[in-house]
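There are two complexes below, and they share subunit A, which is joined by subunit B in the first and by subunit C in the second.
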Partner chain A sequence: MFTDDAGKSGIAAGGPGNSAESNRRTGGDLVQLVTPGGERVSHPEFDPWLQDVTDEQLGALYEDMVVIRRIDTEATALQRQGELALWPPLLGQEAAQIGSARALRDDDFVFPSYRDNGVAYCRGVNPEDIVKAWRGNALAGWDPYTVNVATQQIIIGAQTLHATGYAMGIQNDGADSVAVAYFGDGATSEGDVNEALVFAASFQSPVVFFCQNNHWAISEPVRLQSHIQIADRAAGFGIPSMRVDGNDVLAVMAATRIAIDRARRGGGPTFIEAVTYRMGPHTTADDPTRYRDANELEDWAAKDPIARLKSLLERKGLLTEDLETAVAAKADAVAKALRAGTINMPEPAPMDIFKHVYSTPHSTLERQQDHYSRYLASFRDPAEAASEEGAR
Partner chain B sequence: MIKEFRLPDLGEGLTESEIVAWKVAVGDTVALNQIIAEVETAKAVVELPSPFAGVVAALHEQPGTVVEVGKPIVSFEVEGDDGGSAGGSGADAPAKREPNLVGYGAVLENSGRPARRARSFAAPAVADAAPAPVVEPVAPAPVVEPVAPAPAVAEALPAVPRSAERPRSTPPVRKLAKDLGVDLAAVTGTGEHGLITRDDVRNFVGGGDLPVAPQDLAGVSAQAPAQGERETRTPIKGVRKFTAAAMVSSAFTAPHVTEFLTVDVTPTMELLAKLKASRAFAGYKLTPLTVVAKAVLIALRNHPTLNTRWDEAKQEIVQYNYVNLGIAAATPRGLTVPNIKDADRMSLLELSTALTELTDTARAGKTAPAELSGGTISITNIGVFGIDAGTPILNPGEAAILALGAVRKMPWEYQDEVALRQVMTLSLSFDHRLVDGEQGSRFLQDLGAILSDPGMALAMV
Partner chain C sequence: MTQMTFARAINSGLRKSLENDPKVILMGEDIGALGGVFRVTDGLQKDFGKHRVVDTPLAESGIMGTAVGLAYRGYRPVVEIQFDGFIYPAFDQIVSQVAKMHYRTQGAVKMPITIRVPFGGGIGSPEHHSESPEAYFTHTSGLRVISVSNPQDAYTMIQQAIASDDPVLYFEPKRRYHDKGEVDEALDLGAALSLEKARVVAEGTDVTLVAYGPLVKTAKDAALAAADEGVSIEVIDLRSLAPLDFATLEASVRKTGRLVITHEASQTGGIGAEVAASITERCFYHLEAAPVRVTGFDVPYPYSKLEMHHLPGLDRILDGVDRALGRPNSLSGLEG
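Then we have the complex of A and B:
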């Protein structure tokens, strides 16, 4: 009942780019609960899922979105200052990430991609742990089992298989938690994602496929990837899907709640396409002006997810000075802590590389470790090394 | 206190970037993350946010300079030790920390390796082969560094010209040399096969056998340049750098032969005048180059060996069954050779349009990279400069290049008498690996035949 038919008619003609036709393609049956101007639109199927959202919770969603945008811009600046090797900005995708992540229970398990830093933040990952891997100080920034978020997947779409496997495990355990896979529009063209959809459907596993269609797979526009709406791909696997305005935090939250509820009650997988836009580069090493029309960016800036929620709060009289001050103070504090934490992050020692390979002693590794430590010692002055040796 | 900002690796493994513009000036007060400069890497133009809050004390590099990753580009006067919101001891970190962060090995020690990736400009292989010595060791302007982070020895040692090969040594010794500021190229190795040992580096520093500064050798005081510089040094970069690499590579890989033929082109000039007056060509730009280009395309049909490429790696000769005709063009940025794709399939009218478009685009400096690659044979029009003949160097990867000289009125034999005729010299260089003297000569002869009697083209098509 939620499957969106809008795309079935429209195979848009013309060259690459998303600008001209995309408005028509994404306009149709897209579920939107808050207009770009901040007006709340009623929706008989989605509204019941938001009845419990209080004014305070709306303010908290606003805070989350402002803070994660601030973390994102601070991390981008840190990369430009040589403190991070690389950073994949999420600018423009705040509502899709916050709205969905805030719909989860603590015991649900998230399998994110490299760009889903807003999701990690909502799950309680410390911002400096988010940047740790991007600084090259660790292979992963956090322990997946303390926050129930897997390490960020760099291989496009591979995490959908992990999520499906985890969901099959939940079934074996007889638990009622849910696995959530986060991925992008480009990932839906990958074999891994297709295999994951097949398995999830076959086993009716409790997994939610949350696709952020940000319109660009690096420099490839989404309409080159798929001649039908991304959400409609799910129908081919027998998986129900929804297509929501990904810049509308309430629409995203309602859709995620619907999907999570279905999974928890044994209803199997759901596919959500959150239609959003990557307003920044693919990563800090990318220059989107080489392939993207400036007008397209302008169109999407007018649909900014934070500005939209802000307008809604304003209309409801909830945008108080207290709220704005508190949110700004929180963002400043988080950014400051992130900067200090990043710059002062302890560097791993060369020998640490051996620590995380085997859980038990391993003779080949021990031999390599010995060779490597002697190699490192050769950098020191022989006399010095000898005296240290003697002192030991 | 003074804090330095060193150029970071802005895009996954880059070793240099160009300062496009400064957004701040010395004396400006800047906030943390305020945009201070625009920098162009091989991948993108990006804005640099300030890592400190403070006052700009010095800008170390001029706009337009290509700077190696890790070099200080700007210094800030920062209040106290806290460095504003940069946070605690973190303010010191950039200096401590090597600027390239992850996964790209040790920081390059100014090894002169071609750092910038070859843009898809022409044959990429050529760019890779760019000879190291082309790069002038960076340090052009007499910039005074307010802070000297490196050990004093580094400054006492004059820069030693790099040899093409990296000095033989081991990683620990290289590390020691780097710590002591010693350039290994200046050290004589006493180890096995000339290996530089730890002791060699030590002796070099202690031994006092420092090379004499080049200025002293020349007998010119360092302070000498008073009013009016006697020399101006311009960094080798951009199109100039690329052209140089391409020319060197071409000149020293393909054995060039150049042949000349002077032709009475009066009939061609008469044909041109006739065509210009015809209705079909009204509004089109017709020049001797248009006709010569067409003549080349016609003559190539019978002499395909001039439209080939030597594939050294595969040990194969590539015969092109199409012609992408390169036209050397002087542009504001230097020499480029854009080409007309599938020129052999074009009518004279199409060719004339394509030539006009190509030269206009090139002069405006807007030639797309795709138009610069994939050429199969080239023409250079030195006649426009009033020159008669030359020995053109092949565009790398191509078997032949034709230079057309100026059309001059000269006394010339015409119907057994001396007459004033319009005469042009053709200079054809070809790669002797691919083209024998006979083939080259016959091609040139056919060209001459068409230009001296355009009707001959009928016999060749």
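Then we have the complex of A and C:
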């Protein structure tokens, strides 16, 4: 429950950070639990957080990653075919998104950016709803409260403050859920992200800052955003941090579990830097060949997150034909449904433009709505209008 | 009825909201132990605790962005922006998040956030402490913008704003904080004039004079002075700047045929422009003269020794009234 005492629970500020944690690591070496070749390496600090991961769950993580890559590929194709106006591919970031999202509880609340479609998928967002905004059929595809995922934020970094405020609310409610902010390396230059880190630290709020360092903010390399390792910045805010291999789904999952557990137990915020790579363009409107070296992409292709988990499964004898067949069938089915759902998506009605601007009637807007409906009606065939009038 | 200052009336309204709804949270800089730089939140942290009356880090975007998160969680944050000129760091969160969230989520996520902004000049302040930024927000769909002019409205409308499921910017005229007035603290909110409504504060037949916030008092004084000369001014306190209550404005202009609008904010693209344009559209044939604006100049807010030239005072307003009436005035003989 909430108390006024700083540094315990509640959003009262001013005290030192919670010191119940003995191990509050800050940045440091990149944590990797599975090598690019698929070899599981032990890690005394992280391994305990994965003890309960069964072979079946490893297979499920593999399925998630394959399916989200397939959704991503299908959406890119739909854009190329003119069915979507734009699409921001997450290609290469599957482990970072799936590993973190699968570490959350249903009542945790996610504040994602526009590229976090893998996270949305894991939380139960229908793939059709994920592409809805990119088709122009809505500004956002889902009701946040049905999946505990906020709509995807386009203003870079703004959602980190929303996550922090939500976490302050969790504290006041005396709940033990956690808010998670997803953002990229470019966002760390934004004032909002820095302010969110200040607020989260001062109030010791249960929020996890999950930064996917995918090395590129459209055409700008990460070195332009930060002169030091991004994870190392957290120390300046008094926030513990971890730097993990973002293409290693197990390292990501373990780190997220550590951070979530700390937040749940009143230990305050954690910053995770998941080091990954945006293998595709910023969006389908972008051309990365203008600003980055093909060799770099090749290097990262060798660290592909899905290939890596596949190798691990193979080494463990888990990559059965049954699994491969089932995963391929699921990916095919999801892609097929996504394509059909996209193409058959109902068109919005013209007067929907006026809906939900306010939650209560607004006289100026009502007048504009009335005038526009009269304008639209002026195009109707008079006979038809008369017969409609008569039918009433 | 209790006699109290404007600042005290807001304080009393905030207290009532804190008592009535456990989801109400006050946030801002120095609002706790200090009670705010204007003491508007005096004593509230002591009575409601640090988790209800929250001193925040000194970061306006941070305050606004965390208020969005709290609203997401079901809270009703009441944010204090210490001075008008300090609101701009929060502009992005207000315009891109607070204003648009309900529309973006098709009504799923409400933003019942009240943003209190002490605004306006006349107190001899340094730069950034005397601005009137309301038009930036009236131009932004999704926000409601109100300005209070007297202790009773201050008390009532802060509670109505907090109870509103839409985000409300509440502009309080800082130079009137110490003005006293009668406040009925037992007034039923449901029976009070709604948040969207303007009020005719002085009836008249010759000219409609529209004001809000700090200039309502000046406008009333102008009406009294004009009455001595046999000119009957109807003064309207807009109260709501977005939406504007055109029904009340139209009824008055149809009666008087003349319109003068005054505000401290600069002229171009201001509230006066919107009132003049809309009234011209809606009751052109009832107008006997072109609408007149008496406003701050299109200058950055000046240093305080010059502010009384910038701020519309009684005489400048009456000069505008003369223009609307076609009587001799400072611009007589000038075209347009």
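By our rule, the second predicted complex is superposed on the first by the 350 of 392 C-alpha atoms of A that agree within 3 Å, B and C clash if a C-alpha of one lies under 4 Å from a C-alpha of the other, contacts with A are read in each partner's own complex, and residues count from 1 in each chain.
Here, a residue touches a chain if its C-beta (ideal position, glycine included) is under 8 Å from a C-beta of that chain, and two chains touch if they have at least 3 such contacts.
Because the structure is predicted, anything quoted here is derived from the model rather than measured.
Asker: Between subunit B (first) and subunit C (second), which, if any, makes contact with A:Ala140: first, second, both or neither?
Answerer: In the superposed model, A:Ala140 contacts subunit C only, not subunit B.
Asker: Regarding the shared-chain residue A:Gly191, is it in contact with subunit B (first), subunit C (second), both, or neither?
Answerer: Touch status of A:Gly191: second partner only.
Asker: Decide which partner touches more residues of subunit A, taking subunit B and subunit C as the two options.
Answerer: Comparing subunit B with subunit C, the partner touching more subunit A residues is C.
Asker: If we overlay the two complexes on their shared chain A, which of subunit B and subunit C does A:Ala163 touch? Say first, second, both or neither.
Answerer: second
Asker: Of the two partner chains, subunit B (first) and subunit C (second), which one does A:Ala349 touch, if any: first, second, both, or neither?
Answerer: neither
Asker: In the overlay, answer first, second, both or neither for which of subunit B and subunit C A:Asn172 touches.
Answerer: A:Asn172: touches subunit C, not subunit B.
Asker: Between subunit B (first) and subunit C (second), which, if any, makes contact with A:Tyr358: first, second, both or neither?
Answerer: second
Asker: Looking at the complex, which residues from subunit A come into contact with subunit B?
Answerer: 73-74, 77, 79-86, 135-136, 281, 283-287, 290, 336, 339-340, 342-344, 378-379, 382
Asker: Under the definition above, what is the set of subunit C residues touching subunit A in their complex?
Answerer: Against subunit A, subunit C makes touches at 25, 49-51, 54-57, 59, 61-62, 64-75, 77, 89, 92-93, 96-97, 100, 102-110, 141-142, 144, 164-166, 196, 242-247.
Asker: Under the definition above, what is the set of subunit B residues touching subunit A in their complex?
Answerer: Going through subunit B, the ones touching subunit A are 5-12, 33, 43-49, 51, 85-91, 93-94, 97, 99, 101-103, 170-172, 175-176, 198.
Asker: Which stretch or stretches of subunit A touch subunit C in the complex?
Answerer: It is residues 2, 4, 10-13, 109, 111, 138-140, 143-145, 150-151, 155, 158, 160-173, 179, 191-192, 195-196, 198-199, 202, 355-360, 362-365 of subunit A that touch subunit C.
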